[in-house]
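Report on the structure given below.
For reference, chains read A, B, C, D and E in written order, and residue numbers begin at 1 within each chain.
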Amino acid sequence: MANYTERAKQSQFVEWLNDNAQVLSIALFFVACMGFFWALTDTFMTTGNLLNVVRQGAPVLIVAVAMTFVIMTAGIDLAVGSIVALINALAAILMANGFDWVTTSLMMVAAGAIVGLAQGWFISFQGIAAFIVTLAGMSILRGIALYITEGYSIPIKDQPGFFWLGRGTLAGIPVPAILAVLIAILGFIIMRNTRYGRQVVAVGSNLEAARRVGMPARWIVCSVYMASGIACAIAGLLIASRLGSGSSNAAVGFEMQVIAAVVLGGTSLMGGRGSILGTTLGALTILIIGNGLILMHVSPFLTQIVTGVIILLAVWMNTRLFGSGFKLGKKG
Amino acid sequence: MSEASQSLERGGAIHPNSATPLVSLRDIRLTFGSHQALRGVDLDIMPGECLALLGDNAAGKSTLSKVISGTYIPDSGTISVAGEVVRFSGPNDARSRNIEMVFQDLALCDHIDVVGNLFLGRELHKGPFLDQKAMLTRAQEMLDALEIRIPRLTARVEKLSGGQRQAIAIARAASFQPKVLIMDEPTSALAVAEVEAVLSLINRVKAKGVGVVLITHRLQDVFRVCDRAAIMYEGTKVAERMIADTNLQEIVNLITGGH
Amino acid sequence: QEKTYALIQINQQALFFNQINEGAQKAADAAGVKLAIFNANNDPQAQNSAIETFIQQKVDGIAVVAIDVNGIMPAVQQAADAGIPVVAIDAILPEGPQKAQIGVDNTKTSEDFAKFVLEQHKDQDVKMGEVVALNSFIQNVRKDAFNAVLKTDPKVTVASEVDGQNVQDVALGAAENLLTANPDLTAIYATGEPAMVASVAAAESQGRQDSVKVYGWDLTSNVIDGIDAGFVGGVVQQDPAGMGKAAIEALVKVAAGESVEPVISVPATIVTKENVDQFRDLFK
Amino acid sequence: MSEASQSLERGGAIHPNSATPLVSLRDIRLTFGSHQALRGVDLDIMPGECLALLGDNAAGKSTLSKVISGTYIPDSGTISVAGEVVRFSGPNDARSRNIEMVFQDLALCDHIDVVGNLFLGRELHKGPFLDQKAMLTRAQEMLDALEIRIPRLTARVEKLSGGQRQAIAIARAASFQPKVLIMDEPTSALAVAEVEAVLSLINRVKAKGVGVVLITHRLQDVFRVCDRAAIMYEGTKVAERMIADTNLQEIVNLITGGH
Amino acid sequence: MANYTERAKQSQFVEWLNDNAQVLSIALFFVACMGFFWALTDTFMTTGNLLNVVRQGAPVLIVAVAMTFVIMTAGIDLAVGSIVALINALAAILMANGFDWVTTSLMMVAAGAIVGLAQGWFISFQGIAAFIVTLAGMSILRGIALYITEGYSIPIKDQPGFFWLGRGTLAGIPVPAILAVLIAILGFIIMRNTRYGRQVVAVGSNLEAARRVGMPARWIVCSVYMASGIACAIAGLLIASRLGSGSSNAAVGFEMQVIAAVVLGGTSLMGGRGSILGTTLGALTILIIGNGLILMHVSPFLTQIVTGVIILLAVWMNTRLFGSGFKLGKKG
């Protein structure tokens, strides 16, 4: 009498679309931006310009990859710009004092790790909100950069190896871009395919559950800030190399660029959901917007407005079109 | 013809008395992404009657009840309240028609105290100001009626035990003169005495003409307070039975689909 | 009793301001007075708050490098009402009770510099790109005064302006994009130190040292290298330390009841290959 | 003298067999703020035995079980595992001693898929990489053992129904060779067939010598699988009974304190 | 046989301490800072200086009160500084174009409300993360301010009534301070004693629950951003009046000050928990730290570092001492 039927099997394709909605959305937007600037400017699609963009973008991309891990744990790192400035200044000072560039770079990566660890300790072991720890860190670290440089921009001289890092090319591709891509791939693999990546997602999704199943939850939270510190150190070195000088004035407003890239890539600020692929596309989108607007000779008074509007639009599209899942044959 | 036969396909419907149903659902469908949570469900809720909504896990009971309470908007199908077809655009619409619900996830605000949660969305006020004193007094009465002991009514609900939280959610739904009271596994975390209190609450409100929908996996309770049972399977209603005409074994068989 | 003076600064992320501070500190030490320096981090309101605070503390004189030249006036007035002398450094304040205006006239210097640039490119077509800082009042003045003179020469076109936001690496990205966007660019004008550093680095990284001449404000070590290399055509170098020194000396004088010139000029120099040697020591 | 009489004051203890207890708690106390959640509790968990932990809502059952699983650190009192006094500094310590727990709030990660949640904290890996394929295969086996049907194991657990989520939490705790298995109201959201599966799971693991602690408000289940019952009241253990020597009414009376 | 005893009654005092731990903590810290600066400088405890502090601090306090509502809903408004700058610039432009100050002020308050509403609409009705909407808003709105002023500052002339607003006194107390205190009291009452306040807490604590019990959840979320916009308008007017000019450079870094004040006051960035009293104390603490450091003639190279360290310390104390609740007779 009763008719027991099973539900229709879920369509593989739709499930896949749903699972990857965020990345698809930003990919679409990225392609649209590319097309737009290609159509409207002559220079945009030249190899020279594109290589330029990836070289300029390397620091943002590198830090954005690390920031994705941070935001995945439902944290945030507002201090990245200040760490970059500090490393940038320190590196120049060390080299001015006779250290060779390899030693300096290694020391700087260690310094970034230590700074990140210190922030992570307050956040994970002392339980203070990441927002406030890194807000304080932002102020303290740039203060230190200011203090050690006394406002001077410190020239870096005669370090061809170091300059190659920021300005050189390998097989025609800028070294910073290669570095950034390698780091992005590393981040992608770690996030998707390793235990550590799984632990980061778990901690961001439900910290208490992660703790209860025996994950070293506090250490994981702490470690992402360390990763962010290291990424900032690399970015700081690249910037120092490109500018040929170190100054406390570097990377002002950097944190907002990085966070915008991550969020644009579909990573949720509530933690637990995000992807490195999205972040990469998000960062590239922001970069080509900056580049394209200059190529189009948009009045500099308008660039801020236009950039803001475009970002808002991209995220809006991301949320509206893809946010609530695809519905098959449903009108509303 | 087609109306009736289609309806039969969707599990049939028994009208225990001739009154107009308080709420009546027809061919309700709802899809999440590509997952068909509800595949065409008919249901009538009669005054003064307790309807048990039974089924396996993930059968779609919670989803269906959320449709009745306006929390989910169905993709298609009609909802009538007291014979009149309505379109709920949100929980507010259902609530203003005196349809109350105890949610499976309780829907409490962790940072608000017990009193505040009991009156959530229906705060007593004098002018623009909250009337804290009146709320405190009434809250105590509401909880006493359900035999719930909570040491401090001004404590945040965050730290209360699972059973205490559930009791608060029940007290909230039951205390504001509902015409339809939907309870989604209201006793799952309650201790023996509290379960008794909830069952007698159901009998009390039934006597006042309220239509009760009880979702539960404790079948013995169904036989104590319910008059009719609707059984769901994979997003459809597969059967309806008068409790008086059935027994535990038949119900179990209906739920598991015979396997 | 030892006198105390206050110096209200814009920020400390440009060398220029720090050299003002150093000059002022040296002068204060020499005169045997105390100096308190406040850094507003680009927030005009913070400058006013600091002045009000120093008024409460009854300092003997205030020197101010204003962010918002109009906005600072109520605070200057308050100081004057409290009998505390005020001198202005660099940014030119509107008519008011301040005792002296110290520094370079940015408008006039920009005009002169523009004429110098035109001179360098006499009888050539010039396609100029500009790296500016829209969030800096003074740099806007430098941009507009410079452009006003350029307009008089029909052979000069301003191809594009980009905003470096007074931040080195932002300016670097902008300057690089400026160069790629305009492959036929022949000159860059940078209105401040971060923009200048960035323009020099951009010309190098894009390998455009041969085709582009960089002009702008404020020397740094890299800029001097650029002058040596020949692609930096000229730099306006002010004497910030001299400004700081002059400000403190003026305040000391006023406090002693002496009078000071209402405009104390600390002239700027246009640095080129010819005269760069005398500045090398400053940037070691 | 005092030891014994104190212990008696704290509800006494029955040792059903002479083996060393797997876990043994003595005078456990725990205070949240000024709220005395546990006021000195003794408890022994014996191998191959199912111990029912019963009590009114807010009696402190969940809190006590979290102490055993290392989630809460007691203010005072001793915990011995296999006769040896230990100090848990976190859930990891308990887990490394093969104490597994199904939490009342399930402790699932919403953003991770079913497979990932089953292996949470114990991911299979090849070198540094997750072995997704092996996990998927084993996950299917784990769920089949509990007769749980979940359409897509790579779906996030976020959107699953209450019962499905609970089943995942149970499968997770039961599948990794526990020596002590603590289940805090594991069947509260489960349908009839799934409840049967859990009860037979308990009987299966008991037979392997595992000590099971079952917290539940479904007293009929207690009589089907448990050997001993400890009854808590307001943060103390008030009584202990062998199931064979008691009946439903006595247990109910003990739980409610006779009122 | 069994001994049924009830748990000891909870101590009223300890419960009260627990419920008010956050506010007590910041109050303690505030008093400590006061004492510190009082001991170390002559000028700090003079009436003139204290009145100064409250006048200068009025904009921060006013916006912080509104921001508390925003953060209570688990949102954030990063655009406050930009809204202040925009209003500030617009007001000056309007008055320069012959509008009288009363009309201008009313129009500005309306403008603030509209801007806030626009942000709120994206956040609540379009479901985009507040962080990203207001980040875009931050860029767009300051861009507009820059665009309409072209980077120059616009003097405000001959508006004695308007100047009184920012510089005048009533019974010896600065008008902005009076305004700020009134707004704080209003905020306090609304948050604690009105339905609207309860709705804000409910939405921040559990948005879905608030929706299910029939609260107009989206509207509530939207409205807090409108409130924030209005508060920014008032703050912008006060700043314009104090400075006697409007400029797109106003209120740089303002958002961080405001957010720091709110968090220092014990409001949780996760929503649902916070208090206006705490915010007021937090804002005052930040203000007197700034003021005290000036009075102590701390090297400007150090102020950023010191400010950051003090804020971190305050929050650390807040979390460690009071965070996990008082334990009676427990060592751990």
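Operating definition for what follows: a contact is a pair of C-beta atoms (placed from the backbone, for glycine too) under 8 Å apart; a residue touches a chain by one contact, two chains touch by 3 or more.
Which chain is which protein? Per UniProt: B, D = ABC-type sugar transport system.
All of these numbers come straight from a predicted model, not from anything done at the bench.
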Quick check on the contact network: minimum steps from subunit B to subunit C?
2
Reference subunit E; chain at largest CA-centroid distance:
D
Angle of the C-alpha superposing rotation, subunit B to subunit D, to the nearest 5 degrees
180
So which chain is the furthest away from subunit B, centre to centre on CA atoms?
C
Taking each chain's mean CA coordinate, subunit A and subunit E are separated, in whole Å, by 29
Quick one: subunit B and subunit E, Cα centre-to-centre, how many Å?
43
Where the centres are mean C-alpha positions, what is the separation of subunit A from subunit B, in Å?
47
Identify all positions of subunit E at which a residue touches two or more other chains, and write them in rising order.
7, 10, 15, 146, 150-151, 301, 303-304
Note the residues in subunit B that touch 2 or more other chains, in rising order.
32, 35, 151
I need the residues of subunit C touching at least two other chains; which ones are they?
12, 21, 134
All chain pairs satisfying the touch rule are A-B, A-C, A-D, A-E, B-D, B-E, C-E, D-E
Flag every residue of subunit B that touches subunit A in the complex, lowest number first.
9, 11, 31-36, 39, 75, 231, 233-236, 238-239, 254, 257-258
Considering only the defined contacts, which subunit E positions touch subunit D in the complex?
1-8, 10-11, 14-15, 18, 325-328, 330
Would you tell me which residues of subunit E are touching subunit B in their complex?
7, 9-10, 15, 193-196, 198, 201-202, 204-206, 208-216, 271-273
Which of the residues in subunit B come into contact with subunit E in the complex?
69, 71, 90-92, 95-96, 101, 103, 107-112, 116, 120-123, 125, 128-130, 132, 151-152, 155, 172
Touching residues (chain side subunit D, partner subunit B) in the complex:
32, 35, 55-59, 62, 104-105, 149, 151, 159-164, 167, 185, 188-195, 217-220, 252, 255-256
